[in-house]
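Common to both upcoming complexes is chain A, partnered first by chain B, then by chain C.
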Partner chain A sequence: MPFEVGGTRTRACRVETRLDAYGSPVNSALANACHPKGHERRVGTRRGTHECARHVILGLFAAALLGFAGDSIPPPAAPAYPSPIEIAVSADGSRLYAVCEGTGEVVEMDANAGTVARRVRVGQHPKSVTLSANGTQLYVANSWSDTVSVVDAASFKVVKELATGYEPNAAVADAQGRFLYVANRMSNDISVIDLARGVETKRLLAGRGAAYLELSADGQRIYCTHIYPQPGPFRSPNESEVTVIDTRRQMVVEREKLENAAGVFHVATANGGRVAIAAEIRPKNLIPLAHVEHGWVIGNSLAVFGADIGGVVQVPIDELDRYYTPPFGLAVTPGNRQLFVSTTGSDSVTAIDLPKLLAYIRAANPDQRRLMANDLSASANYVSARIPVGRAPKGLALSPDGKRLYVANRNDDTISVIDTAAHRVTRTIELGHAVAPTPERRGERLFFSARFAFHGHFGCANCHIEGTIDGLNWDLEPDGFGVDIVENRLLEDIADTGPFKWNGSNPDLETECGPRTEKYFYRAQSYSKEELADIVSFVKSIPLRPNRYRRKDGELTAQQERGKAIFERARNKNGAPIDDTNQCLGCHSGPHYTSQQLADVGTGKPTDRSPLVDVPQLNNVVLNGPYLHDGSARTLEEIWTVFNPNDRHGVTNDLSKDELNDLIEYLKTL
Partner chain B sequence: MTTNRVSVTFVAHALVRAASRLISTPVGRVAAPRGRYATQLAVFLIFAAWAVAGSPDMPRFRWENFTTGNGLPDNHVFQIKVDGSQVWAATENGLALYRNGQWKVYGTEDGLAHRAVLSVDVDPRTGDVWAATMGGLSRFSAGRFDNYTQLNSGLPNDVVYGVAVQGDSVWVATAAGGARLDVKTGQWRHFNERNTPMYEIWTYGVSAGAEKVYYAVWGGGVLEYDVATGRWKDYNDPDGETQLVLLKDQGLIHEITTSVSWAEKDHVLWVATYFGASRYDGRYWKNFMEKDSGLPSNFLNQVKGVDGTRAWFATDKGLAYYDGTNWAVYRPALDTKAPEMTVRDAQGKVTRVEVTTAPSHNYILAVDFQGDDLWVATAHGVSHGIRLKQKETTTK
Partner chain C sequence: MEAGKPVKAAILCLMSFSVGAAPPPGALLYTEAPQYDPQAALGGGDRFPGGAVVKVLSGGTSRLLAPTLAVSADAALSPNATTVLIAAKEKAGQPWQIWEVPLAGGAPRQVTFGAEDSIRPFYAAEGKFVYARKTARGFGLEIAPLGGGSALRLTYLPGNFLPDAILRDGRVLFEAATPAAVRDLYTVYADGSGVETRRCDHGPDRHSAAELGSGDEIFQTGTGLARFTSARAGQLEVALPKGQYLGPVAEADSGEWLAAYRAGGADAYWICRFPQRAAAQPVKVAGPNAYQPVPVRARAAVPYHPSGLGDRVGANLLCLNAYVSKTERVPTGSVAEVRVWSMNGRGEAVALGKAPVEADGSFYVQTPSESPLRFELLDRAGKSVAAEKGWFWARKGEQRVCVGCHAGPERAPENVAPLVLLHTQKPVVMNKPTE
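Up next is the complex of A and B:
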């Protein structure tokens, strides 16, 4: 954690000001709430006084910047990288607005001059920017602040902060500009906010990882996609959905099922709303990850549906010997002639001839439609160009006339301007960043890149979506079908949690990310020694996101206190002592709640080579479902109600249901 | 609804006044017994007026009945919930939706937690349907079922008898106490003998308002939750020994409660038990039994308050309505099974009203309102009571 600095101690907690991997100060109550167990978070003790002082100054400077939230500010100091992730264009096409999750700001650009005009600080880790229908306001979803910043487009100042659900990822206003819909990624729902009153009026049920929103051309529908699949039975095919909201009734009226899809990103509409298109990945995680060369790991696809289609049809954008992954941003030109898809790991934008694509789908019979997603030769029928852009292209936006496509290149802090007729980049707008990338930044670029895998099939970020999870379990090793199924874990704040892998066979991240990745994942020569060092640096720097279940004052609720007492108990309810090794703290101790040892808690399956599993860290465990080493427990409750019949994973069978509930409410705060 | 009753009273009073005037006149003047005769005459005329006027004007319905023969998945219907123009029926074999004249059935194959659905409520803001089943709690939202069970969630028990949605809270009544799910945070809170005055944990029904939440605790009376203070209060047999009230209107009629209905606007609580019904206005209790009211039976499955004055009662011997003064009962006759409607006035006079239709069974489990219409869950299907206008009534 290279940007850590010391802090001051208050009561049972330590308040730090530190910069995360993206250069953002992490010192809010949410991001660094007092730890309920009184454990001290890691501080800059491993660094020299001089370096520490430098970071204090940096931290204070960054904190001061936060204090000016809402004001136009100068470019941020190094080593903060803007990391533009989404982009919007004013109605007249003269202004561009890029939201930068690294620096927590929105950058306004002159579209014609290609220069930065103004900047405004918003909340932490902003994820999207959209314009109001009349173009006078910008809505910015701040994923770590649980707010939407309303920016006045004229003054370029934050005029209002709107409270949302957990981790807002995108926002879109209705056609009348009266209500704002916000996709909340961690609470799996959609906030409906009355813009006049500035209050949330209702919460609509979405799917897991509600992420991106699109208002249909007629204003009657809003589509919502999800970056995680819906929880399902163990080792069952994945399924995601597009949640469809009727804006008149403000209700969810439909859920388009996306079979075999897991991560689904942007959604766009065409043909007056009669066609909707979602960018998705289709992981093949039920079979051993042993056939990278045959495309049997992840399919990069578009889900096409709507009145002009009839049902959902999934089509590939990959080719037989090259993959374009993961499909993220979408843009449809006026007149519905072209569809552009950003492919983040491939550093490119794919151009699709939309009429050809729709004609290809319409010509297919039902069986052909069903199997189309796996036909890698299909893309030759509708892909018209692959356009190289900057590193990790994410959000897309078109000029009003459709002649220019703007691409937010997250990992080199630029905006590519593409001539949509010529299919080439005509200009690159620099957003300003540190002169030389740090090892963490270089590692971050590698983490997102798919160029190391065979045929560019996938990168780290395909499964560790933005450093998190993919909600899946995988059959990773070439050890036979169905052996050693493993669940995907969060990568946040894991530097000091080794060993790695569920069987603990990788003592450090260099082993985890190096030869193992090369041999078992990428099936190609992978990182150089220097690259490996960089990627490890980055992974170690991924910060822990705010825990939403802790109170802002750091205190526990009465229920959480009861749960804490159960977590720390040394005797069962009958007064009998619990063996040290079977107490919760026996394994889940320390700042990350892991002994960093192997343990047999009775959850091994006949298909596991060993019943011993690495004791997982529990920080933000609430986000990490499914649970257990193989993901067989869909919820925290199932760890004990289903998979602990003999009290080997802690003593829990003496607990009443409400006591177990108390324990779980406490675990959510870790 | 009370037009006839008012007019009869008015006529009676007019007759009394007229009779008194008649007796007072010189022509009719007689000696000493004048006052006594006057009273007798007035009483006679009042009765005469009653006889002429007939029974109170209680709502009348044309009943349309639905069974498995016309689309229901099962004839055992535990609960009914009106959702705008559509109706949800909780049946022993699935959740049924009546829309555009047809029933659509959702079962376990569609994702429902258990085939036996005991209760259902709808979130008016989102349209999401919450189904209490014998195997957990189901949330049905735009075609998708999400299930909460005692194994995969904080739900206290899989046997969920009742569910009520209030804002962001979903309140459930289970065989192991009550619970509240905060749909925004996903957090559960349990309410049982450890943190409430509940000495039985078999909660049977729940009624949630913005200010108060009430639980019908089978064998444990009524529990009241004050939303503002977070405090619980229980209502039980006043003497604490016999489970039933000994003196009329002394308190809750019986501790074996089956249903509660909180009329929040009027701050009145209606309670159904297996031994009669109670009404509580925050200070006074009023109890209703077969022997002293128009209830057709003391065995009540549900009560549903229209407001603080009026309520409908689902009994094992028909559907009853109380308008604050008079009672009406709707059912197939217990003997002949012929359609039957009876009206009982304040004096206890019971009048039979000629009807041609009735609910499909006399064993009533639940009722809900759709404007002036009723939807009724019975032991033999669902009945739709289509309210007849006065003109139609007269014609018939």
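Up next is the complex of A and C:
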């Protein structure tokens, strides 16, 4: 019996509205995620449906109580932490601009006094800040708002909002200040925006998870990196790319392949643009994760390429017994003497003697260049210092004279100022909002930290990049070598989706994050009881990001409506009934579209110990590729075109190509 | 679980005694002995044939740590700097046993019992301690609860194994002298798994190692000192004044090194302080005939090792690429099989069987656990292409992967699914040798 959910339900959801893990109010799309407007739910006997009904009843009850108390009493607000993630410096070096993703603002600082001067609110979850060539404007990419805020540097006010693709992560203006290039992390492309007209004029195809941009010194090239690897054949080495754009023609002119790279972050240029350097992690997901030592899990590396190099050479920044992870921000000093790399999980910045690094690469023959990426003793040839900074250092920026390096410490809301000659922190700038950390904030710090893994090799955030995924499947050891290959899943809004792990063997997040992580991932003493409680609190608070495929009014498009009908159908196209257990809703029901049960949908492989897999939640499933328990389906389409020959994963073989597309378009809205 | 010699529960001494104040910062524990041969145990001999006593140097004066014990040595301080583990004899002529003594003074408590020597104790995590116990096959490493309980063997080869330190990563750093290999430094986890050479270079006779505050390891090689750093695959020479150094080095709060040193062969050894400057001269701290310096200070507790040993038969060992070696050049495509060797009770090498080696050099075998193991690569004609010279072991339920044969700890694996696992997920089973 269907029931319509309307305004009352929305009100019920509102009483549960709170600030998310990043300090932002949970948006209306999220508040409506339980039952998006226009979506109908069947009331059945399945747990998820009951859960849904329970939420509504509890919500109504809570709303009634609030009614007694008066609607004016707001829910207690969780503290918001600035969480500076990137930083920029004015051309004269007097001003610093930190973009704070936690509070959705840009903070202006006096670089010499080390004090906060002004603040301006921008969009939701801003991820980058860059200056126009003439220094009069700031461009801030608002990842959840799908906009770029243009901030006037003089008045420090937002003067324009520019529409972008899905989840803009970085923006950089060309040398003439005419066009803005924006990397869209979720739509996997680069928007080209005419700044005078304020409209997007072109969209360039990038790779998966387009994330960071760098304009070359001569202004002719823009380099774009990607935080996720390209979808590839099952169990094959990963590959990422640096997309190279010719700014004059506004075209992609090159795609530099980064072998075995998955997460690639900032990119910088040196030697007048003849050398480019990208910070990357090289995961070892294809070999059994039997232990941690000897760089067994992740290679923290730099990809070096360009005219002065010839091809791409990957070099590690790790050592034999210590790891510096993940390499994120980059800064090259004037004169190309030093390269600085922030390593977020290690709470440090690595200083590299750039001429030594380039000389080391040039001296190597092709075989040696190929092997360099896995030589943990290589970094001794070019690393000159490891500089401890604050918690979770992210973006870097240099003063114009290169004497000071500014580091945005995301998880303690500070900026470290490093003397680049002495290699030490000389000042720490507090960004304010100092409040005692909540359990969620403490847990967030632990989530980013690599100090718990053996030799500080990696942390949760290495694979769950910013709470998401790494786009990889892993061969975890406890099940045996080469068996039970598992895909990495999104962590957003998972509190009520237990059990966890693809075989459902972990009943709760305490088990998932505690003993399992310590024994089979970190291989070292890890969280105390209190720390485990904190990290579980944080994981449970990771919000679901806005769904970009659902219309703002909540209505479905015609195609999505057709897909919804397929998702909810009880009969195939010939009119024959579909068994309850083989209907989509048979497993994918409730607020998270999961029965929270194990099911055999015929996707088991000979390498799996059991064909039963945990029914995954489908919220924002579009982000979660590759698909199926082992990541063997590169796309949503492949789930049914390749891996459902016998209609055991729902009845789909009677669908035409267009109908399957309809179904997928609907799934994207979940 | 492999149980070694039981360690009896502690018997609390009810005798009243006066307890002095804890030594101030800068205090030092050391061993005073007329004669010290740190490597004698590796040959089955006594390191202190003329006896020895552990002393506490504090405020310019020394006192005996355990006056009621006739012989004592090998002081190891607890992380909170309140108790000391020592190897000692209550009466001369008895075997060495492990005792625990309050640093501030008080009755010693015996924690190992038996007819064999137990020496070189170190505090480990979870209320346990690591030490070496003499067996018919030589000194072996064991770990046991300080409060009493079964000991677990950590080494499973014939030869002599002596612990040198518990590293800050929780592993046991030890030195080994086996019939087949040069004396060198190794690490093993606290459950006996993951044994490996510290550097895969069969380096020049390394022993008496200690971990420095920087995480570097400093050790003796010949009559000099050298160290390993995290950044380098090879050892770095340590520039110190010419002379002779004996036994382990320690690090003072000031960062200076403390070592038993003498300038010439006729002199007595003193514990000297060495400023870390090339031209600096050693400063005498304790002596004469003083060795094994241990600065008195609290330090971080050792982390425990969350054992990942599974409930499996034997051990599963996967090699990613047998062609990867930093010392031997094995032509690609030349290897067809791997032969797995073990050792029988008489110490003779016994072939356990063979397994195919894939085109990418990968192979996967299940071996007996707690037994000596080594691999030999064979060509299509069954002729030996390369063979390990030393032995290793694996624990029951252990699963381990190596990059190649003799790849070295500096070599991280390349991210390629090994062919053998794409063909099968079942290892080739090698059965335990029959006697």
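Assume the second predicted complex is superposed on the first by the 599 of 670 C-alpha atoms of A that agree within 3 Å, B and C clash if a C-alpha of one lies under 4 Å from a C-alpha of the other, contacts with A are read in each partner's own complex, and residues count from 1 in each chain.
We adopt the following convention: contacts are C-beta pairs under 8 Å (C-beta built on N, C-alpha and C of every residue); 3 or more make two chains touch, one makes a residue touch a chain.
These numbers come from a predicted model, not from an experiment.
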Chain A superposed: clash or fit between chain B and chain C? fit
Given the touch rule stated above, what does A:I664 touch, chain B (first), chain C (second), both, or neither? first
Going by the contact rule set out at the top, does A:S379 touch chain B (first), chain C (second), both, or neither? second
Any idea whether chain B or chain C touches more of chain A? C
With both complexes superposed on chain A, which partner does A:D308 reach: first (chain B), second (chain C), both or neither? neither
Return first, second, both or neither, reflecting whether A:E555 touches chain B, chain C, both chains, or no partner chain. neither
If you stack the two complexes on chain A, which partner ends up touching A:V252: first (chain B), second (chain C), both, or neither? first
Just chain B (first), just chain C (second), both, or neither: which does A:D419 touch? neither
First (chain B), second (chain C), both or neither: which does A:E637 touch? first
Rounded to whole Å, what minimum CA distance do you find between chain B and chain C in the overlaid structures? 21
Of the residues on chain A, which ones does chain B touch that chain C also touches? none
Taking the complex as given, what residues does chain C use to touch chain A? 125, 169-170, 194, 215, 229-233, 303-308, 310, 316, 318, 320, 364, 399-401, 403, 409-418, 421-422, 424-425, 427
In the complex formed with chain B, which residues of chain A make contact? 165, 187, 189, 201-205, 241, 243-244, 249-255, 548-549, 559, 634-635, 637-638, 641-642, 657-658, 661, 664-665
In their complex, what parts of chain B are in touch with chain A? 125-128, 139, 141-144, 146, 150-154, 156-157, 168, 176-177, 183-190, 192, 194
Touching chain C in the complex: which residues of chain A? 235-238, 260, 282-288, 290-291, 293-296, 299, 316, 318-322, 374-377, 379-380, 383, 454-455, 475, 477-478, 480-483, 515, 518-520, 522-526, 607
